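Two complexes are shown next, each including subunit A; its partner changes from subunit B in the first to subunit C in the second.
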Partner chain A sequence: MTPLFGKLFDQLDARLHVRADTRKSANKVFPSNWSFLLGEVALFSLVILVLTGIFLTFFYRPNVEAVTYTGSNPVFAGRTLPAAFESIVRLSSDINGGLLFRRLHRGASHLFIATIVLHMLRILLTGAFRKPRELNYFVGIGLLTLAFGAGFTGYSLPYDSLAGTGIRIAYSELLSLPLIGDRVAFWIFGGAFPTGDVIPRFFVLHVMLLPAALIGTVGLHLFMVYRQKHTQFPRVGVDGHQLVLGKPLWPLQFAESTTLFLWTGGLLAAAAVLIPWSDVALLGPYVPGEVGNNAQPDWFLFWLEGALRIFPPIEFGIPGTLIISGPFVAGVVLPGLIFTFLAFYPFLEKWLYKLEGEWHVLQNPLEIPLRAGVMLGVFSALLLLSAAATNDILSRMLGIPIEVMTWFFRITVIVAPIVLGLGIARYARRRLNRRQRHVPSTETEAQQRYIAA
Partner chain B sequence: MSDREAEQTRPDLTIVSEETPPPSQANDALVLGSAIIAALAGVGFAVGLALRTSITVYGTALAIGLLALGFGIRRYFSDLFPDIEAVEPRHPEQQATEEPVSAIAPLQRRSLLRNALIGASGVFGLSLLSPVPSLGPAPGDALRTTDWRRGTRLVTTDGEPIRADNVASGGVATVWPEGSINNEISAVILVRVGDTEFKDPTNFDWVVNNELVAYSKVCTHAGCPVGLFRETDNALFCPCHQSTFDAVRGAIPTFGPTARALPQLPLGTDAEGFLIALGDFTEQVGPAYG
Partner chain C sequence: MRTLSLPMCRSLIGWFVVVAAGVVLAVWWSPGDVSAQEAEELGDVALGSQLYAQACAQCHASDGRGVEVPGTDRVAPALQGREQVTAAYVDLVLRTGRMPPAADPFDNQPRKVAFNEAQRLAIVAYTVEEFGLTNDLADVTDLPEGDPGNGQSVYAENCAACHGATGGGGVAGGGAWTPAVNTYEPVTLAEAIRVGPFQMPAFGEKQITDQEVADVGAFLEEVRSESGTPLGLVELNPVFASGFVALLAVAMILSLFWISSKPTWFPDPEADADEDRPTTPAAVTPVDTTEQP
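And now, the complex of A and B:
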């Protein structure tokens, strides 16, 4: 600690009495493992999103009134465009540094969601969701939902042709809700698509409500991590149930996190130079009745897009009131079931293996057959659904008719996850049986087993 | 510093392992080097931006600056401080104490009062949802009707009316009701099929010159514009989820996720030979709604 900092701190302490608490926090121990950095990178991406988003907000125009673009972009010069799209063209072509900020923002949004998903996968595979962390696991599911919301509204704001198509499909999904669909869709969109209200409303969601909710919820998430302390991987000679082993926050954990933050920014800047994310000039503004050939959402919604594509044609009930349609089942029921299932998975495991007490030491998923099977099953299904979202491209590339491609996915999406899930669960079961073991129901038992091995 | 002194300055940290880095000139050089690079990159970023160079120039400077700074800080800290691993107790499974959360206990009163207040709060809370309908108009007929009326001319996106003999064979065109261009739900795709016969369930009364037929362009699956036409088998194709419709058989779906045909527009011609609608669609346009 430098003398100047020490003096300033003395002054602060004389007024607020923070020395003891600060020291306690500085001594807080962080277990180190690369997979623990995923959540951190997600946090840093959020910081970068907020910073770059503020710059974009100064220039973005949240409405769809027709305006004439008078800037220097040769493709759009003199053309009449929706104001939102026009402001994005101006940001990209006329505002010095605007393109850099746009690409940083776009890149950070991809990294944000990618690291959240991987972070969640780490939590699920190693069992960091068990008591006492179930509550924070729920908070995490909430964060994932908010991040998807921020990603989707952000994707819509430029009002390019892909954005318009995405908004139209979201509107149709709302319409598909039985009994209340038309009302809900009209409430959210302010009338029949494409209203002038949707962009201003998405803008408020994207720059105000969702960021505020994200920041608040992340705060809660981190507070809980701080209170409950990290889980850690097992280590010989350390009773991980009673103790947490790692580096104190100050100085080295602090230094590592600072470096990670700067490198996240550095890599995003490098990506902004190399990858022309979100080049709206290629797409053109949204025009009702027009759509490009490869209509696709952002990658993190591919699984939903795939489900919409391969779901069989069904529609029954009373049109205009109680109707059950393909888009409802594939686009509303299915994601609802997957999210609900993942949210309550911790309780399934606890019930099946009669788990007792608290759990702080992480496990190899192969030690728990249910977990190995469920995770491989669910995530392989999500990956296959995502692949199905490219069935038109695959069909063209491989020269296979689209009908065959679609049937291939219809079958594999169901069969492969079941086969893989049951297969790995069986393998895990046998692995336990070979050593004459069952799944431990307390952490003490799990610890003894680890020490014996 | 001896071990005992260390214990004294860190009484609240239980150290498991401690490694003191030896002074290293190489490390000093790395820290200094990255500091210089970071500073130069910072200048490069600012100047590059001020001179309106390209994203390649100032973006690269920004990337290099951040990476170098990160690297330097890491090297600096690992030279300045010993690498310490410590343990902290977790305090798991704290026994719940019998003590109530608040020190002030309530007196005995009738539970009716409490229940009345809880009920009232619930009712009142629900009533706060009443502004929700203000968010948008009631759907009314908006999803059931389009802007097509008897006698409405078909016009292109540029507003040109269309003569029946003016549509290229094997071609499609996006058309709108005159006066309602870009009214999404009214979008229509006009198809002139090649040498084929129309078949059921096409409404033959709405086919002009035995070759022109018009369907709603709003996909009955999730509402994308059905924009593509395959001449070989007269298939209309939706690029969003690949629903395929047969344009000579009343646009019934032949493949893909949609369950319903594209509604056929009652099509005719007026006295001057321009294409007109003979009325609104008779079936529901666009995706299913509840």
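And now, the complex of A and C:
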């Protein structure tokens, strides 16, 4: 520590008595692995999202009243536009740095959700969700849901023709809820679509409620990691159940994280210059009733869009009273089942293998046949559903009629995950048999082979 | 033999004049002659005849009635005697490269343009003369100055549903695809709007005025002239954006290998036992000796 910093710290300590606690935190050990930094990148993206979001809030107009655009964009000069879209055109064409900030914000949102998903994959594959970390795993699923919510509302705010189409689909999904659908849709949208209330309401969600919830939940997530210590990869000759190996928070981990933060910012800035993440002016303002060909949501909702696209157009129930429709099954029931299943997967594994005690060392997913099978099955299904959301563009690129494409996805999205999941589970089981091992039920047992070697 | 009386003679002469005038008028106004004249204004009919025989006659027949396409069991559409097929229609399919096809003519895919302007106009001239097509080329392609702003809203209402919000094209169902229209000249767009090629409906002047046609052209011109980022990328459809998100994620992961650690697989004590394990301790040494919580 530099002398100046040391003196300042002494003054602080004389008043607040923080030396002991700070020493303890500074010596806190963080196991080192590249995949442990995915969550950190998500955190840094969130910081960049908040900073760029504040800038955008100064210029964005959260309503759809008609205003005349008087700026320099040749397509819209002198035209009457919804205020939200007008302010987006103004930000992009007339305000210095506006387009850069919009692209930074959108790029950071992509990186935010992408790293959350990759982080979640790492947690699921290596078993970092096991006791005592089930609680933090739930918090993580909550964070992913909040991130989806923030992503969707943010995609909607520019009120371009794609955003309006997305809002229209969300409205229809609410309508599809049996019995209460029309009331819920009316309550959330403040009337029948299109209403002037949806943009102001999404704005409040996007700049106030969701960020506050996200920041609070991230705080809880980090506190729990700090409290419970980080999991670590196994090492030959080390009993990972007893010892944590890694870098101390100060100065090594701090230096690494600072480097990573600066690097993340730089990468996003470079991407913002090169990639037009958020350019929507040519799409034009949303005109209710008009939908353009090839309209997709952002990538993280492709799996939902895909399910809606390939689900057969059926409905059953009592006409006029209770109707279970295709959009309800594909857009509400299916994602609900997938999220619930993933949330309760830790308990399934625990029950099936009769796991006991606490687990702090990560495992190769091939050591646990159930996990290998379920993860490959679920994530291949999600990937195939996501691919189905691009069926129109695939159809065009490959020259295969869209109807053939739809049937291809209807069949593969059911068959492929089952075949792949059972296949990898069988491979994992045979691998264990070949090595004359079984799934250990305590971590002490699991660590034996590393200590013995 | 009796001579014709004068009044009778006069009346016959009168009739003769009327008939002669009628004949002259009929000859003067006959559509064939008119199109022959206009066809020559369009292009070289002789060259057109030659090119038609080479590139078109195999499927559309030398008399333009349309015969079975070799190698398929489908019949090519007739060019003659259909109100829909006009000079602008022929000009459009040649101008966009939709005809003549290199391979399967029904595959609905965009193709390379086969003819230059003189050759194209020669073929149009030939079809106008030979098959008596309406020559609407000048009407359709004579456009006022367009306003891109109004064009965007006309486009959104009439075109976006099939051709995509920024004219990138899309699917039309039943093995048909709508072409990308943001690469076409305003004249091409005007022809397509008026004649309604293939599955596309024709839009008359009551639906889209000449001014609005020009506006749509100006809007798509604006889309085309968008300079984009240093990589030349203009507005991304979310599907293409997702590809760049994947690239960004890969770049981030590679940076993590560099900033933190190279990826390693789970150690396998059974497999490692046979080999000489490295005797040097792990690079990161500080050990937290406290018990796990």
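Keep this in mind: the second predicted complex is superposed on the first by the 446 of 453 C-alpha atoms of A that agree within 3 Å, B and C clash if a C-alpha of one lies under 4 Å from a C-alpha of the other, contacts with A are read in each partner's own complex, and residues count from 1 in each chain.
Methods note: a residue touches a chain if its C-beta (ideal position, glycine included) is under 8 Å from a C-beta of that chain, and two chains touch if they have at least 3 such contacts.
Fair warning: this is a prediction, and the values are worked out from it, not measured in the lab.
Peer 1: Taking the superposition on A as described, I'd like to know which of subunit B and subunit C A:Lys354 touches: first, second, both or neither.
Peer 2: neither
Peer 1: Name the contact category of A:His17: first (subunit B only), second (subunit C only), both, or neither.
Peer 2: After superposition on chain A, A:His17 lies in contact with neither partner.
Peer 1: Now for A:Leu243: first (subunit B), second (subunit C), both, or neither, which partner does it touch?
Peer 2: both
Peer 1: Pick one for A:Pro313: touches subunit B only (first), subunit C only (second), both, or neither.
Peer 2: first
Peer 1: Contacts for A:Phe233 in the overlay, against subunit B (first) and subunit C (second): which applies, first, second, both or neither?
Peer 2: In the superposition, A:Phe233 touches subunit C alone.
Peer 1: For A:Thr390, decide between first (touching subunit B), second (touching subunit C), both and neither.
Peer 2: second
Peer 1: Using the superposition on chain A described above, determine whether A:Arg434 touches subunit B (first), subunit C (second), both, or neither.
Peer 2: In the superposition, A:Arg434 contacts neither subunit B nor subunit C.
Peer 1: For A:Trp34, using the defined touch cut-off, is the partner it touches subunit B, subunit C, both, or neither? Pick first, second, both or neither.
Peer 2: In the superposition, A:Trp34 contacts subunit C only.
Peer 1: Could you give the residue numbers on subunit A that contact subunit B in one complex and subunit C in the other?
Peer 2: After superposing on chain A, subunit A residues 27-29, 132, 229, 241-248, 256, 259-260, 263, 267, 273, 287, 290-295, 358, 360, 392, 402-403 contact both subunit B and subunit C.
Peer 1: Quick check on the complex: what are the subunit C residues that touch subunit A?
Peer 2: Touch list, subunit C to subunit A: 107, 109, 148-150, 152-153, 155-157, 160-166, 168-171, 173-175, 177-178, 219, 222-223, 226, 228-231, 233-239, 241-242, 244-245, 248-249, 251-253, 255-257, 259-267, 269-270, 272-273, 277, 282, 284-289, 291-293.
Peer 1: Touching subunit A in the complex: which residues of subunit B?
Peer 2: 12-13, 16, 49, 52, 55-56, 58-60, 62-67, 69-71, 73-74, 76-78, 80-81, 83-90, 92-93, 132-133, 135-139, 142-144, 157, 174, 176, 182-185, 187, 217, 221-225, 227-228, 239-242, 253, 255-260, 284, 286-290
Peer 1: Within the complex, which stretch of subunit A touches subunit B?
Peer 2: The touching residues are 23-24, 27-29, 96-97, 99-100, 103, 132, 165, 168-169, 171-173, 175-183, 185-194, 197, 229, 238, 241-248, 251-252, 254-256, 258-263, 265-267, 269-270, 272-273, 287-295, 305, 308-315, 317, 319-323, 325-328, 330-331, 357-358, 360, 391-392, 402-403, 406.
Peer 1: Can you tell me which positions in subunit A touch subunit C when the two form their complex?
Peer 2: 27-29, 32-38, 41, 74-79, 107, 110-111, 114-115, 118, 132, 161-162, 227-229, 233-237, 241-248, 256, 259-260, 263-264, 267, 271, 273-277, 279-284, 287, 290-299, 302, 358, 360, 362-364, 389-390, 392-393, 395-396, 399, 401-403, 435, 449-450, 452-453
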